[in-house]
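Taking it in order: structure first as structure tokens, then the write-up.
Lettered A, B, C and D in written order, each chain numbered from 1.
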Amino acid sequence: MKIGFVGLGKMGSAMAQNLLRAGHELSVYNRSRGKAEPLIQQGARVADSPADAARHSEAVFTMLPDDHAVEEVMFGHDGLLAGLDQGAAHVSSSTISINAARRFTEEHSQHGSRFVTAAVFGRPQAAEAKQLLVVTAGDQQTVERLGPAFDAIGRRTFVVGNEPWQANMFKLFGNFMIATVLETFGEAFAAIRSSGADHHQFLEIMGELFGSPVYKNYGKAIADENFSPAGFELKLGLKDVRLALEAAAEFNSPLPIGSLVRDHFLSALAHNQEKLDWSSIALVSARSAGLND
Amino acid sequence: MKIGFVGLGKMGSAMAQNLLRAGHELSVYNRSRGKAEPLIQQGARVADSPADAARHSEAVFTMLPDDHAVEEVMFGHDGLLAGLDQGAAHVSSSTISINAARRFTEEHSQHGSRFVTAAVFGRPQAAEAKQLLVVTAGDQQTVERLGPAFDAIGRRTFVVGNEPWQANMFKLFGNFMIATVLETFGEAFAAIRSSGADHHQFLEIMGELFGSPVYKNYGKAIADENFSPAGFELKLGLKDVRLALEAAAEFNSPLPIGSLVRDHFLSALAHNQEKLDWSSIALVSARSAGLND
Amino acid sequence: MKIGFVGLGKMGSAMAQNLLRAGHELSVYNRSRGKAEPLIQQGARVADSPADAARHSEAVFTMLPDDHAVEEVMFGHDGLLAGLDQGAAHVSSSTISINAARRFTEEHSQHGSRFVTAAVFGRPQAAEAKQLLVVTAGDQQTVERLGPAFDAIGRRTFVVGNEPWQANMFKLFGNFMIATVLETFGEAFAAIRSSGADHHQFLEIMGELFGSPVYKNYGKAIADENFSPAGFELKLGLKDVRLALEAAAEFNSPLPIGSLVRDHFLSALAHNQEKLDWSSIALVSARSAGLND
Amino acid sequence: MKIGFVGLGKMGSAMAQNLLRAGHELSVYNRSRGKAEPLIQQGARVADSPADAARHSEAVFTMLPDDHAVEEVMFGHDGLLAGLDQGAAHVSSSTISINAARRFTEEHSQHGSRFVTAAVFGRPQAAEAKQLLVVTAGDQQTVERLGPAFDAIGRRTFVVGNEPWQANMFKLFGNFMIATVLETFGEAFAAIRSSGADHHQFLEIMGELFGSPVYKNYGKAIADENFSPAGFELKLGLKDVRLALEAAAEFNSPLPIGSLVRDHFLSALAHNQEKLDWSSIALVSARSAGLND
């Protein structure tokens, strides 16, 4: 398949590489060109602009930090929409708001192209190892046609609806579920440390009890206070929880743990943790308990 | 080993059975004698009282609902303490407060016997299958001596300290971690159902993302609203979260998700859910979002 | 003073009337013209558009529901900015976001006019009785020049800064303080009613303890469940708390009670309370406690 | 009336003095006798024990810190119950749990005497100025008979039921209402300070908006961070919110703001604020926002 790829951060680069490896023909674009180099050496063509990456592609992926960045790439100078063929697809893997997803869907529809969400779960290492979970939604035929591309980047694909925003909703709530785990470890460790007991031992038991890599890996990072370099920056974690809260609010659904986690992310920002991993939310509980002050 | 066992509910019966199977000599006691029958048929001796179950035993287990029940069994008429030999151990598997554990430790010490906590994680089926996690603390020699008994009931034993209450602390916070999972599923499902999306599909993705039986099993019960018969009654879930909050408070450690979960358990009680499984806490979020009213 | 007034809801009409009574020359505009009639009979000129209301006025007030409405009035067809003289002032009494206030300030500055916030505290009856509290911020000279207009509508004016958004910030947090009172009454009454005690008697004591009309009046409405007609609609209450949360978030300041109140307003919306008075947030606590189901 | 008084802290001393001034015959007892001196000089008789203070009295007041202290005074060596005449009343002004109130009611009933709650609202200065609010409940005849004593210590008396615990319930929830005000000031000030605006000015507006001495006085203490000496110690504030939560829980009523306030009081204790005034809970919000660190 002829595929464009815009946004070559850690996640995007790993995904693009796996598309290449699976034999797809790739045009890549990144604002700072340096990040494209390793892919060029592996056979990718470098594009001059999002429009250029989109031109003659059957699909163009975007992996960007937020709504605004996607908007820029779509509508900015030499933007993606300007280059995209009729009938081709814009596959958005960025974690964006459900409202933006709806707006982009409408705009592609008017342009004669397709907007498809293919959100991914997994940290950069999982992306490299082709172990992502792909959660996709959009026009059924288009989603089916994209199957081989999804197979190239993940270990399993979930098709969750005909409307792209539904996949964004699932991604946001999946991140809400993970953020809650980070927060609970923070609270439990603070209490256990305050009692004088060994929180590493508690972690070991929780690893066995839950039997989950999410608990093991994040739990260890938190127990060791190993928050840098960030796998996923705290300010992005806050953004996602904020978007989950907004999505829930649209449907008049309260999300009290979401509210609490948002408050703690804000307190983390007030203590200069924006560049630390989002698991450093645990420091907020530690400080509340008079530890780490 | 010659072992007494007091408290033959679902968990206690399964544990006692595995002690029998492992070749230990067992005296069992339960207030309502009927529950002892299946064990008697498998070779257990029935005791007339906690004192009788304790007499000449190297260790006597108690698996009872709360502090008060353990107190009754220890000090009531023909109580456990009255029968327990010098140097023998009282192994408490009940989920009790850290304060009660300290008090019982002291009282056994004065009596010349040993109090040991051996808290267990796992639902009744896990107990039957010898798959419990045993979290134990207490006098080191005594704990070591009890190793074979712990091996008989669980798949792994964690020794977490010399003071019995530390194992109770870990048990309470483990249950806090699980209760939080129940609550997050409730909140996420309510939002997803309100949006019109399919929460069973979300569950499937979470099962894959977390890779944890806790998420899969409880998630399914909540998605199906399958809360009866209870594996663990909601009123006991509230008790445990309350005890975790009290334990944290003793060390001046806030536990905000614990507070939130406690409030939701109370709302569940106000809607007559005390006999439902504790995972029915999810109904509180559903009602808040105007679902299930 | 020659004054324009756009937005003749309950609050706007009462304020406009007091400006008339104080001898100011008034041009009034409302989308649905009917609401202007009583003012026309008292000597106001009716304007055809926001631009018309602004033309030749020294100041034009807007009293509108939200950011979007103010934006429409400013920039829409025959908008306020098109009619406003150089050096004249746009006095915004609407409860809007601090970001919108900053944007409007900038846009007026480019147009050569002045944006001033004059937020008001008080319900419609207080507006009629000239008992509002006026909280104003903006260019110092302009604010001073507007003094007589503020005196005409309120019992006291507070000048809180040179930047208009600061007055919006104070208004939002004032509403947060009131919303919290509504929520606490809801929680306390639910517990007291559940206990079988008389919550009207509790209210009487609180009236005496706090000695505040806010407590007395809102407390009575809540105790009587008298939520319609709304003095201030619940959906507007939610909007204000949301804006307070956003304002706090901009400065990395958590607002946990704000988060909790927001969640309860959402639950109220899920139970069709959008048109009830915002004090009906108390119904959420009643339902949580199993009352009013 | 012949009255005993046990517990001569700031509040108790002021109340006892007003009873003396109103012409009642007073026997006073305090564990450390020094505190009785000023009252002796004004004509009070000093008692050797609670029993002695109770002997031949028509009523004996207790003003003590908690359940445990009341229990000691009632049942300890030479305790109040040992001295109290048949038909005489024990008037408890201490802020105790509703469960303790029920237990004491029962015990007095068996003894042939009466337990009456007469909770008071007001700080020590209000007590001196005879400006307390008295909230009383108990046997109707006894409460009526005590009217002159209540008139001597407060500006108004509320009779709220026939069961003493009901007055304790009202007292606990009144303190919950005040604690919430402290917390909201903390949150709002933190956001306003973070924005660079002047929180003293915000306080001035709130003083006018609410028109309440509670808002004015506590708001000023918080704005000035003037927390010592304590009018009411933070650890007692935590105790009262904890008791309100327990009382609500007994009736299956969640109290989410109560939970949040409890968590913040705990964080305050973790930062050594137990001896500061309970209004210092505001420091928790300041620290969360990265201020005061």
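Just so it is clear, a residue touches a chain if its C-beta (ideal position, glycine included) is under 8 Å from a C-beta of that chain, and two chains touch if they have at least 3 such contacts.
Please read all numbers here as calculations on a predicted model, not as lab measurements.
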Show which chains lie in contact with chain C and also with chain D. A, B
Would you say A-C or B-C is joined by more C-beta pairs in contact? A-C
From the centre of chain D, which chain's CA centre is farthest? A
Comparing which residue numbers chain A and chain B contribute to their contact, where sharing over half means same and under half means different, the two sides are same
Centre distance in Å when chain B and chain C are each reduced to the mean of their C-alpha atoms: 53
Distance-wise, how many Å sit between the C-alpha centres of chain A and chain B, to the nearest whole number? 38
Rounded to the nearest Å, the gap separating the Cα centres of chain A and chain C is 39
Residues of chain A that contact two or more other chains, please. 194, 248, 252-256, 260, 263, 267, 270, 288-290
Chain D residues within the chain A interface of the complex: 194, 263, 267, 270-271, 284, 287-290, 293
Under the stated contact criterion, what part of chain C meets chain D in this complex? 121, 133, 135, 156, 158, 160-161, 166, 169-170, 173-174, 176-178, 180, 183-184, 187-188, 190-192, 194-195, 197-198, 201-202, 204-206, 208-215, 244, 247-248, 250-258, 260, 285, 288-290
Chain B to chain D touching residues, read off their complex: 248-249, 252-256, 259-260, 262-264, 266-267, 269-270
